[in-house]
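As written, the chains take the letters A, B, C and D, and residue 1 is the first residue of each chain.
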């Protein structure tokens, strides 16, 4: 951390600041430039987390030179984390495809989806049982009934299951049924929830918040990791920008940035990222080529009858056709795409 | 709602769409233009909430012509809502000032703050007992001990109390102690929490999310209102933009927009809105002049020792000086600023 | 400037970097922390403008600790600049109102506007003769004919004139007729144009670009100042954000930020800032209360017949009513609003 | 176009609006819903371009149901445009790579770059002779000398040339030397410049503005097309968002959106899009996989000595290695990458 003194700062200002820093158990390193004096802090950064240096007289600004996350950082964990989901590896060069309907709507709808996902060679079935909706009047999921159907589909197909958890109340319930707990964009900074997720032993897929910087996203992961749960998967699902031609702006740049800063695997969700089914195939291919660890894709047997997010869902034939392209791409890029074991 | 057909749409496409709409209990109104055919839907919009029209063949886009909120809308409630907080009116032309430290840190710190807030003529004391922090390693509040100190300060000064609730677990506890429950920006779309807030009888102050549109903010209010709790206060606290000279971009434009669309009172928070104490006085005055129902301001007896948000906190003398300017402004604008009753 | 070395940087990396810096005529100051080594550069920053330090092995990032502008900075010019427009002072506590139609459309329209502006007590008449339009098919101004009408209106009313210049071709022509040359948001980084504006002796009002940071805006002013023209006025006119309820997001936070960083006067344009006439009065009042040096407001004798921007134009009675409120506010805030001399 | 009446609109309001619309030569189609009456306009939309309908009493909002561009639209030109650059085809499934240094710095630097570009199998050499710089004190290009060196490199290698034009003054000069005229992000809405580009017969590559919507970008292309120049190439180079981990946010979503709306070819620039050399290879591969017509990549013989944008420039070996990957990818995706003729 570097503190920049204003042009008008006096020697007394500097001395007062130095005392305050030393009281916090840090060392001080002063550097006098032509226009500004800067003060470097040396020592354990956590000592000064959130300390209000700019309230000190003569202080112009505070500049952070390292990232605030530790456990999520590649600095202290250079090897990529591989999350093992009951035999399916996420991270480490294996491309994983998660697909299925936005919401679990009925046994028929889910089983048809699951079979199609399995047949196409994907490894994980997605489906929402608890749905966050911007309108209080919209369909918000089947609840436990949906979880049971997901478990039934896993039984039938051998696919692993990922589904969203929205609140602490249902943590135990959701963890009981699912293989991966998905935390949605709106809950990325639900800190009480993140703390509890750190205490369980179940992989957590953490979606990036609509306006979360990559640093904030990794800090949210840090909450889970610092609780002791090492199985965190990141998921880029689009950020909010001024552009309205797409529902969100899928930020593929986040993939190489995360790779550089962190060891955690990262998945791309082109369905929420664009909000338009017609854009999903091209953004899926880009999501693979950019080097992510896999995709999460919405697919529905009949999008025109979907109870949520039909506009961004692929049909089953569209999904199958896309999977063929993805496989060719994966090969050309020298990546693996390990399927499920044959015997279910 | 208006559906725009693509240039290539056929008569069969149109017929299929019309059937689907009629099945939903709506009437159809077709308008054939030179470039596009558009289809108007007439009837109760809730019937078609989230229906995937763009999945139908020949549909280019869906255009919403009304807002999705009802109870929060001025259309159905033309008179402004006045929230009565145990005698202090929020809304209806009375300017309310909420002030105090970011976090409750100690009895001494809080009592000194409360006395200064009371003396300056403000009506409501703010102070966090549960703090959302981006870092898992940062101070996160005194919890119930903080709530008790707030209640003690109310007892002593007659000020009303506002404090943040972060999760369902603590709803009953926080509601027991506070006069207004504050919901932070990160929880603006915590739907399970909003649903429960609709069931209690305690004013709720709902901060705008960092990247929430005004429409989404009013939809969040709709969640609370639709549960039966009519005492919702909105709070603009800055949005996230590309500009980094301020912590957030306080969006004062939101005040006249909310006034036009809704009957709910709206408060401005220049402390979080800018993140810099030096900018708080001018943005406070702008927040009054723009016609809001009041301000929420961070003030600390010693910002340089604050455990959170010291950089954006005014000192006690700065706050007193600002209050004098605010009073002059309020008068010049023909607004009221009713203080607390003299006898406590 | 501070250079942060990566955790993996070697001593050779550090030595190579130090040599490069010293070759540029700067001194080096190395500070070894627990996690990172940082390298401070001491000397004239212009020597290293744009130098690709991150291309050096072992360099993680470059952190700027001072702003890149000099002539626009308060550091080297602590007193506020007052731009004298033929007797009307902009800056230094005098509130200036610029008003008039978006485009000059006809003699009748302009004279009616000018008389109304004069009568209401404003000092400057605005009106576009050259109009930037997003559509090549839209009305783009009367050109020189419009400039002549503006000069005629000045003759008749004594008002000063501000009008937009769009390209180098018309610089001489526009400078001949107008008192202040307005540079629109889209031209804020038209560097060849800015360079030429530095060579003339005529006040320049520089609008902030739609997505320009405050630092970039001040760098654009630096272009003009560095050419020798000291009469630069800044104008905040709204930035582009995710919010669509307003045409732009008028960023009033920019006013105190500019005050802190620069000595240049700053004007607020609530008409382009919001794009909606109904929001102009409240944002105008906020624009005064925040401490700007004045406003630029669109007003039209008949907005429903305006050839451009009718939706954001006030009518003459609305403008007169707003001016009364602005005067009361200016007084309450202890600011001046010096009108034009009585004799014209 | 659809006009939405407010709830309070009267029959007289409706009649007045209808008259105004009919006077503009359009037909009116009224649709009365439960909450709102909406008015459809039928006829040539250009008649009502910019007409201030919201200034009419009882009008709540105006909703556009078609895009404002015509010549750039796929509606009226379903076949993709292929721009022929002296034998190199841009568009229509041929992948084109433009590469070279940010600025032309010397004969030696440019010739070394050109040979490396040619050898790697790219078709077009980039290099700036006129450079837009945010600082008035930074290197701004060699001017005509740079253009001459580019022409010499073309002579020597057979590569085609693309270079930036910044102002009308140099249009003739730049057009004389280059094969493609590049218009930078900051000039995307320099309307006088766009108008003149419509009058010449030379391909124009139009970069997307930092905060330009895709619709505005296509409207800028419309300016050039409407002047008669049909050879417009679009270039996505990153937009400005809240994220600061990358210099800009390369918006690959724009590629499928442009494909759907327009027939014009679109190129991706990962160098400016990310601003960090380490992210360029992965974003280049994503830019190909998403289905663009090619890439523009910055490469420098010695980035650590580059006079501009060294931080985002690949070295020659990095570029060669990336080209190999791109070729494999192109093949896997079923696209072509036609090189230059063998004989130069």
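By our rule, contacts are C-beta pairs under 8 Å (C-beta built on N, C-alpha and C of every residue); 3 or more make two chains touch, one makes a residue touch a chain.
The structure presented is a predicted model; accordingly, all values stated were derived computationally and were not measured.
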item	value
B-D compared against A-D, more contacting pairs	A-D
Farthest-lying chain, centroid of Cα atoms versus that of chain C	A
Averaged-CA centre spacing for the pair chain B and chain A, given as whole angstrom	27
Chain B and chain D, separation of their C-alpha mean positions in angstrom	39
Chain A and chain D: spacing of chain centres that average the CA atoms, whole Å	31
Contacts with two or more other chains, residues of chain D listed in rising order	211, 240-242, 244
Partner chain B, residues of chain A touching it in the complex	20, 46, 49-56, 68, 132-140, 166-169, 186-187, 189-195, 210-211, 216, 219, 222-223, 226-227, 240, 276-277, 303-311, 313
Chain B residues within the chain C interface of the complex	211, 213-215, 239, 241-246, 249-257, 259-260, 273-274, 278-279, 282-283, 285-291, 325, 328-329, 331-333
Residues of chain C touching chain A in the complex	2, 4, 7, 29, 31-36, 38, 40-45, 61, 63, 65-66, 75, 240-242, 244
